[in-house]
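What follows is a pair of complexes built around chain A, which joins chain B in one and chain C in the other.
Moving on to the complex of A and B:
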């Protein structure tokens, strides 16, 4: 039992990182009803830029965070212009496929920037183990978890207390009505990508910093974890993304403890498989789907 | 205030609006009637910058606004309350209203809804923090109207504001429209409830297949309402 609870604590800590990635996917999906597959690789490239600065120029933590986030945002905007803005509104599949093509391109760029397989990623969290009763937690995980909570709070403030945040939610809900309100939806698409890239860049930094290394596979890894967590929670739902991320973290941590790394990786797919059969809309999605259907019948 | 001349709107091969000219003077209430598919919504949408203008000219307050984008037109003070209400079902009533004020709000949302609006729409005032989807049909229409007023428009375009409402609610909407006009708002309303619309209109147009087939002062057309209704009926019979 203690083991299980310990795993759950670890899972929640790590799952908070998944939650951030899932939020990135779900925000873009909610606003545009399209998937951006190159979200993970954009973060990977941002992290590579950060590492590159770290290896060649400076060890200043703030600078490296900035470089990571700014590069991720720049790449995010590049992807938006190329795969979403330039592609017709009704061609969702074309956007998804071209975002996959860009993925390959981004990996190529990363390989040219830093050709070896693995690079150290700067760790700014001091690593100690903190005892809480029978449990212990690593301090870098606590830092990551707390920073994630801060990010979630900021995102919430942005979405619910600011004008662009309201516009983002309005466009997700009803794009046509938003146009009547004088909301310029192509600006909002752009904004969604920018916000999501900031979130992704920070998430990437936190996750890699706790891991203290980066490889080109981080792009694939981040896209998979983010997509799975999003689908577990329910596509397009913000609460769902957070719950899905945490659930994925907890399940993986337990699978790893009881079964090893291979079982951990399989457990993620198995979990998704079961969820899609039992609750195809995800944890929160089902409710939203029925709620919206009821809503549109009445409105 | 608003002058549309020789406006044409096409959807591919379909010509929805065919060289229409209308005028709305400041402070007037002008109504447009016509059968389903006559091109009424297309005309409003062209004015609001939602659908493309094929040819013709739209002048608002002395300024040519033809071809401006929807958000630019909202900023100029023309707000449309669209057909079918188009509420935000997953946002609260308050947020729906705030979205109506989008083009005039600061970076941080001011969540206060003006008292005057709450007094005018008491049913909404009681439900500010419920979801848009939880309203009844009549309340939903009131929210759509209230949302349109949030931006303090100079011209309000209303597309079938009484569609699907019970007779009492229809009367409520017409009373509100007349009251808004009496307070100086310029209104262009598309309506199928011919008599009620004509009774409060300063001027009215009847559309058929994208063209104007009748026009005149509200009272004049009301005396001729048989003929007006025949235009609606004729197309309905087809």
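Moving on to the complex of A and C:
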């Protein structure tokens, strides 16, 4: 029982990172009704740029964060223009396939930037173990968890207390009505991608900093963890993304404890597969996910 | 006598064409699968086990591997009936990754001639020696691959000309219409999935025996995205579309020296641009129809 609870604590700590990644997916999906599979690789490219600066120029933490975030945003905008803005409005699937192809492109660019398998990523957390009763928590996980909460609060402020945030939610709720209200949805899509990339860059920095290394697998990892967390929670839902992230973290931590790394990875995919089959809308989402299905129900 | 390297490239094109055709079959029936590599991999392992460990003849192993792949595809098809669009794509991707990771756990070794042979988790599955044991030359094996590819093509052309093909395309254009016609989309979706799984499976077993070594890492998403992209580049209007896509990628991109090492940059960009300007590939339905009408006029004159 103690083991299980300890795993749950670890899971929540990891899960906060997953939740940040899931928020990136869910914001884009909520606003555009499209899936950006290139999200993880764009974060990886940002992290690679950050590492490159770290190795070649400076060890200034702030500079590295800035480089990571700016590169992620630049790549995010590239993806948005190529795979989303330029593709026909009604072709949601084409955007997904396109971003999938660009994923492979970004991964090869990253390989050329830093050809080795593993690179050190600057760590700015001091690592100690803190005991709380029978449980223990690593301090860098606590800092990560707290920073995640801060980012969440900032995102909430942006979405619910500013005009661009309002416009973003309006487009998400009803694209047609928001166009009538004079909102340029193309600009809002651009804004959503920029916000998501900033969030992704910071999330990538936090996660890699806690790991203190970056590998070419990070793109795949980030896309999948974010995607799984979002789909578990419910596509396009902010609460869902956080819940899904925490759920994924807890399941993975337990699977790792009882089965090892391979079982952990399989369990994440299995969880996603089962969720998609049983409840495609996710934990907090709707039961019927597409108009087509709604039509089926009527026929 | 053509050299062996060229033959290997040619036979590679043939085997990859099979998985591209399987993705194509699903594409025309309206589903985008990111997971055809799973069936390719299942069949590669099953077929190689059948010949190497159980001593089966190749034709039986081919049948066994592909049937197993078709079975898995049918199973996934049944499970994913309720979902479509991007939910389906992500579900197939999740399944394919599950299969790939499970192959890391697969250890099944038998001692043959004092050596342990068989799949051994991450170390892969080597010594698939059917080609050497039966004295099959590279040329003969390439001919075998193309024979099977031609059979599959012939079969697919037959399907496209039949009522079944019409229903597949209708399902791809408008599933609701299919339903209104009094047809059961469920049945046709699963049929398409099983056929696609079988075709990918044929490619898988052939692949394992051609390369004599397989490991789980081969059947990753890279293979899946390629299989899907070939049809999207070549065109969804004709069964030759995926083959044209494969020829463009392996025949052209692989041979141009300038882009060595940047192949995925070029290929990924190409796919993205194609999706913007020609969402259904070079030879889409309209252009195929146009070409056919030109050909008809030509022959009449």
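One rule holds for everything that comes next: the second predicted complex is superposed on the first by the 284 of 299 C-alpha atoms of A that agree within 3 Å, B and C clash if a C-alpha of one lies under 4 Å from a C-alpha of the other, contacts with A are read in each partner's own complex, and residues count from 1 in each chain.
Just so it is clear, a residue touches a chain if its C-beta (ideal position, glycine included) is under 8 Å from a C-beta of that chain, and two chains touch if they have at least 3 such contacts.
As the structure is a computational prediction, the values presented were derived from the model and not from experiment.
J.: Name the contact category of A:258: first (chain B only), second (chain C only), both, or neither.
T.: Once the two structures are laid over each other on A, A:258 reaches no partner at all.
J.: So, does A:182 touch the first partner chain B, the second partner chain C, both, or neither?
T.: In the superposition, A:182 touches chain B alone.
J.: Tell me which partner touches more residues of chain A in the superposed arrangement, chain B or chain C.
T.: Comparing chain B with chain C, the partner touching more chain A residues is C.
J.: Contacts for A:276 in the overlay, against chain B (first) and chain C (second): which applies, first, second, both or neither?
T.: Only chain C; A:276 stays clear of chain B.
J.: Touching A:162 in the superposition: chain B (first), chain C (second), both, neither?
T.: A:162 contacts chain B only, not chain C.
J.: Touching A:217 in the superposition: chain B (first), chain C (second), both, neither?
T.: neither
J.: Let me test your reading of the model: by the given contact rule, A:94 touches which partner, first (chain B), second (chain C), both or neither?
T.: second
J.: Shared contact residues on chain A, chain B side and chain C side combined as an intersection?
T.: 292, 295-296, 299
J.: For chain C, which residues are in contact with chain A within the complex?
T.: Residues 32, 34, 79-80, 82-87, 89-91, 94-95, 97-98, 101-102, 104-105, 175-176, 179-180, 221-222, 225, 228-229, 232, 261-265, 267-269, 271-272, 275-276, 279.
J.: Give every residue of chain A touching chain C within the complex, in rising order.
T.: Within the complex, chain A touches chain C at residues 35, 82-83, 86-88, 91-98, 100-109, 112, 220, 224, 227-228, 231, 262, 265-266, 269-270, 272-273, 276-277, 280, 289-290, 292-293, 295-296, 299.
J.: So in the complex, which bits of chain B are touching chain A?
T.: Against chain A, chain B makes touches at 48, 50, 69-71, 73-75, 79-82, 84-91, 95, 98-100, 102-103, 105-109, 131-133, 135, 137, 140, 147, 151.
J.: What residues on chain A touch chain B, complex-wise?
T.: Going by the criterion above, the answer is residues 161-167, 169-170, 172-174, 176-184, 288, 291-292, 294-296, 298-299.
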